[in-house]
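Heads up, the next two complexes both have subunit A, just with different partners, subunit B and then subunit C.
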Partner chain A sequence: MRHSVNRPPTPDAAEDQEKEPTLQEIINIKLIESGEKERLMELLRERLTECGWKDEMKALCRAFIKKKGRNNVSVDDLVHVITPKGRASVPDSVKAELLQRIRTFLNSAAL
Partner chain B sequence: MSASREDNTSPDAQLSSHFFGDLLDSIVVDIASECHRIAKLGLDRNLEDEEEELRLSTQARVRAADPSNSGETNSKYVVDIFGQTHPPVANEIFDCMNCGRSIMAGRFAPHLEKCMGKGRKARLKAARSSTAAQNRYSRGSPASTYSPYSNSTSTNRLSNGSTGVAGEELSNGTSEEP
Partner chain C sequence: MDLSAVKPRCSVPKPCNHLADYKLKYGLTGYDSLQDKFVTGPNGKTTVCTADKKIPRCFFCDGYRERLYLCLICSSVSCLDHTLLDTRSDCGHDIAVDINRSELYCGRCRDQVYDPDFDTAVVSKYKKDLIVHSNAFESIGERSSKRRRLSSAIDLDLKKWKELPCIRDQRAKSCYPIGLRGLNNLGNTCFMNSVLQALLHVPPLRNYFLSGRHNRGTCQKRSLDRFCLLCDIDIIFSAMFSGDRSPYSPAQFLYSWWQHSANLASYEQQDAHEFFISLLDGIHEKENKLRDTNNDAADCPCIAHRVFSGLLRSDVTCLTCGFTSTTYDPFMDISLHLDPSHCFSTETTNKGSKLNGSTSVSTSTLIGCLDLFTKPEKLGSDQKLHCQNCQQRQDSSKQLSIGRLPLALCLQVKRFEHSLVRKTSRKIDWHLQFPFSLDMSPYLSSSIIRKRLGNRILRFDGDETDVSADYEIFAVVTHSGMLESGHYVTYLRLKNQWYRCDDAWITEVDEATVRASQCYMVFYVQKMLYHKANDEIGCAPSSSRRDSLLSVVGCC
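Our next item is the complex of A and B:
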């Protein structure tokens, strides 16, 4: 049976304890715990909807679904359809704004 | 950790880009999941309507191209592209403007033929009425104008012995010959 979402295997608990958390992971945890990640997410969503990016992506999905037939499509397929186009078509202003806010956070949460 | 901002490949910039990409990926998965749900549940009416139309039109095309359809006995009630059937003879009823009778639409042309004079009987009827009018006028005068033209009417030629208007033949049947 085809799974509609491909998930990576859950990492083993024993393995995890031997490694030290990377910088990335530490910052990630800080982002989440402070609630900043959620706020950034909402900001990005809002900006992308305003500029029509979200509608473009939905149109891409609909076209793909119409072509393949709506019973032959998985979420994974759609993710693979959208991701390359999506990354390339984010407006520069939106990207700059978000990067700025992330950098601010990194500086404020200076380790 | 005070990396300079101008350096694009600084760990700082890389990190920011990484997190930005992370956020973007989450949003992409959300959009994909939403579209997937709408498609599977058939909530996207446009998609459905187009599929339905496509299906119906291919069906109709198959039916039209199928040669066996035209020979069937029920071809009188063939369904057209809008799904309507029409009876073989138009059956709306109205009044003829010439004679005033109630006529069925599908029988109107033949009726008009008879009614207005294209048919055989109608033509004779009209001709008879016109000769009757001529006869009425001719009885008054002694028909001297008609004698050289023996074909026109039959009232001048009386061969049986009844008193003819011309009076040249004797009633006995004997005629004097020089």
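Our next item is the complex of A and C:
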């Protein structure tokens, strides 16, 4: 293995573990450091609540718990079941708005 | 106070074995050591902040995008996939904290776990920084005033009332409950009649006057004024509950009230809510005069306050640092803006962001209005408040909640809109759905604060566990017509039968009629008082459908 012996192999070696941070990582770090990520998260929460996405996810969780039985469900299970559905049902307008915000941020951060 | 009989506001899930073992071994030391690192943001979310500004990453895979967990024992950070590695490598490292959400997680159970002690630790720093302003409400005196309030509720319980016979009017074809009697309209006084009908049947208020708490004899001797609002109210009670079914003319009371509210003294149409407030105010003033006291609203022993007064809590949060300042203010009723939810669907479908694409028009509900009332509201940029923490003016958000519930709750729906810009007033005619049984617990400060802080398990200061939050409706004042020329009608619920009180005309109606009416003021009373009151009324309405119209006619 090319990588450092101290690091155990990742289960799904999909990404290249290069020592240099990728562009994605740099952007993410910049977002976090400037506090913009937190603001974007807040905005996202607001939008997703407004359009009813949160309520729909809640309903899906309830249905799943009802089916499996309250004592047979863990948070992990819920996250695994809900995540794909959640990602797929984010409205396009919300995605567009957030992308626009990130673009604006990147322009101002002059990366 | 028997705590075992109290219903807990939230149930505490049992800890898993691993959490129990951890607590046995380490107690609260792990939680306490984290306390300084908890930072609660303006949105109520608490994160664990490390001293250095570096982004937390998983020890094993260097990942930073997934949920990250901080082991309570060795403080190593791992993502979900690798929490097990930490658990296996060092035995007993089962419990960890979600860094972004400050929630406990058990690596071995692979599930979230809950511990009230942990939530207390999370919130303790937040609570320490809270500044509480009390407007006539001392936290030290809180316990004694609570006890006083409890005993006053029992006090208002009738004693002498039971001795009064159940008077059955032989003339009436049907046996209506006692106290049901029409009120003659003395010239656009339906605003007064409607409110009086509601007040006549507020159980604690009714019991107070019917058990002779305001002694007219001694009052007339002591008082220097010719007019005593309380005496006149007492006269009305005696007349309405005398068993006489012919409509009563509250002329003396009207004149007496005019003395008190000179600005409203006319034969013009008035607002029922304004009358209600001015009447309660008159009672308060008069009782204070009689007792020669000057009481603050929160501890006032006058009957108006004892029945209707509650406490409203207002939290103002700085949107930059999360610092919150709290104020308590007493209230006699709650005025609610109409929740425009039935307009909502049309707005969003245009933008295409409404998820399920349904264009169903939903009705506004009273619950929706209450939700709106307790929703955090971002104050405008022109209303920036000075934050003590940031030492400058910042954008803030305000959230209202109920600090203490009254015995009887009056909810007014703001149907009359006055626009200063357009210099016009209009009436909002939307239909509002209102429940017959109302649970106010989601609007209590304890529930609102608990929810804002991420559903923490908390023993909240001033937890309303001794006062029930379940209410039953007993009166609705409705308005029909236009702003300038309308008519007030009250619906009363006595022994689960609804009656329509339209000035002098009393009729039995069914539930559907009441539900379809346009409510303006909705009166609720605590459930146990409502059921007790039903037992006290005595005569059971046993009229057949043919006799549903009471055979009296009044002049109007």
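Keep this in mind: the second predicted complex is superposed on the first by the 93 of 111 C-alpha atoms of A that agree within 3 Å, B and C clash if a C-alpha of one lies under 4 Å from a C-alpha of the other, contacts with A are read in each partner's own complex, and residues count from 1 in each chain.
Basically, a residue touches a chain if its C-beta (ideal position, glycine included) is under 8 Å from a C-beta of that chain, and two chains touch if they have at least 3 such contacts.
As the structure is a prediction and not an experimental result, all values here were calculated from the model.
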Exercise. Should A:E38 be classified as contacting the first partner (subunit B), the second (subunit C), both, or neither?
Worked result: second
Exercise. Should A:S74 be classified as contacting the first partner (subunit B), the second (subunit C), both, or neither?
Worked result: both
For this session: Based on the superposed arrangement, let me know which partner A:I29 touches: subunit B (first), subunit C (second), both, or neither?
Result: second
Exercise. Who does A:S89 touch here: subunit B (first), subunit C (second), both, or neither?
Worked result: second
For this session: May I ask you to decide whether A:R62 touches subunit B, subunit C, both, or neither, giving the answer as first, second, both or neither?
Result: first
Seminar exercise, completed: Larger residue footprint on subunit A, choosing between subunit B and subunit C, goes to B
Problem set entry | subunit A positions touched by subunit B in one structure and by subunit C in the second | 28, 45, 74-75
Exercise. Mind pulling up the subunit C residues that touch subunit A in the complex?
Worked result: 41, 43, 53, 55, 60-62, 64-65, 80-81, 85, 105, 109-112, 348, 351-356
For this session: Can you check the complex and tell me which residues of subunit A touch subunit B?
Result: 4, 23-24, 27-28, 31, 37, 40-41, 44-45, 48, 54, 57-58, 61-62, 65-66, 70-71, 73-75, 78-79, 81-83, 86-87, 90, 95, 98-99, 102-103, 106, 110-111
Problem set entry | Partner subunit C, residues of subunit A touching it in the complex | 7-8, 10-11, 17, 25, 28-29, 32-33, 38, 42, 45, 47, 50-53, 56, 74-76, 89, 91-94
Problem set entry | Residue ranges of subunit B in contact with subunit A within the complex | 1-2, 5, 11-13, 15-21, 23-29, 31-36, 39-40, 42, 44, 46-47, 50
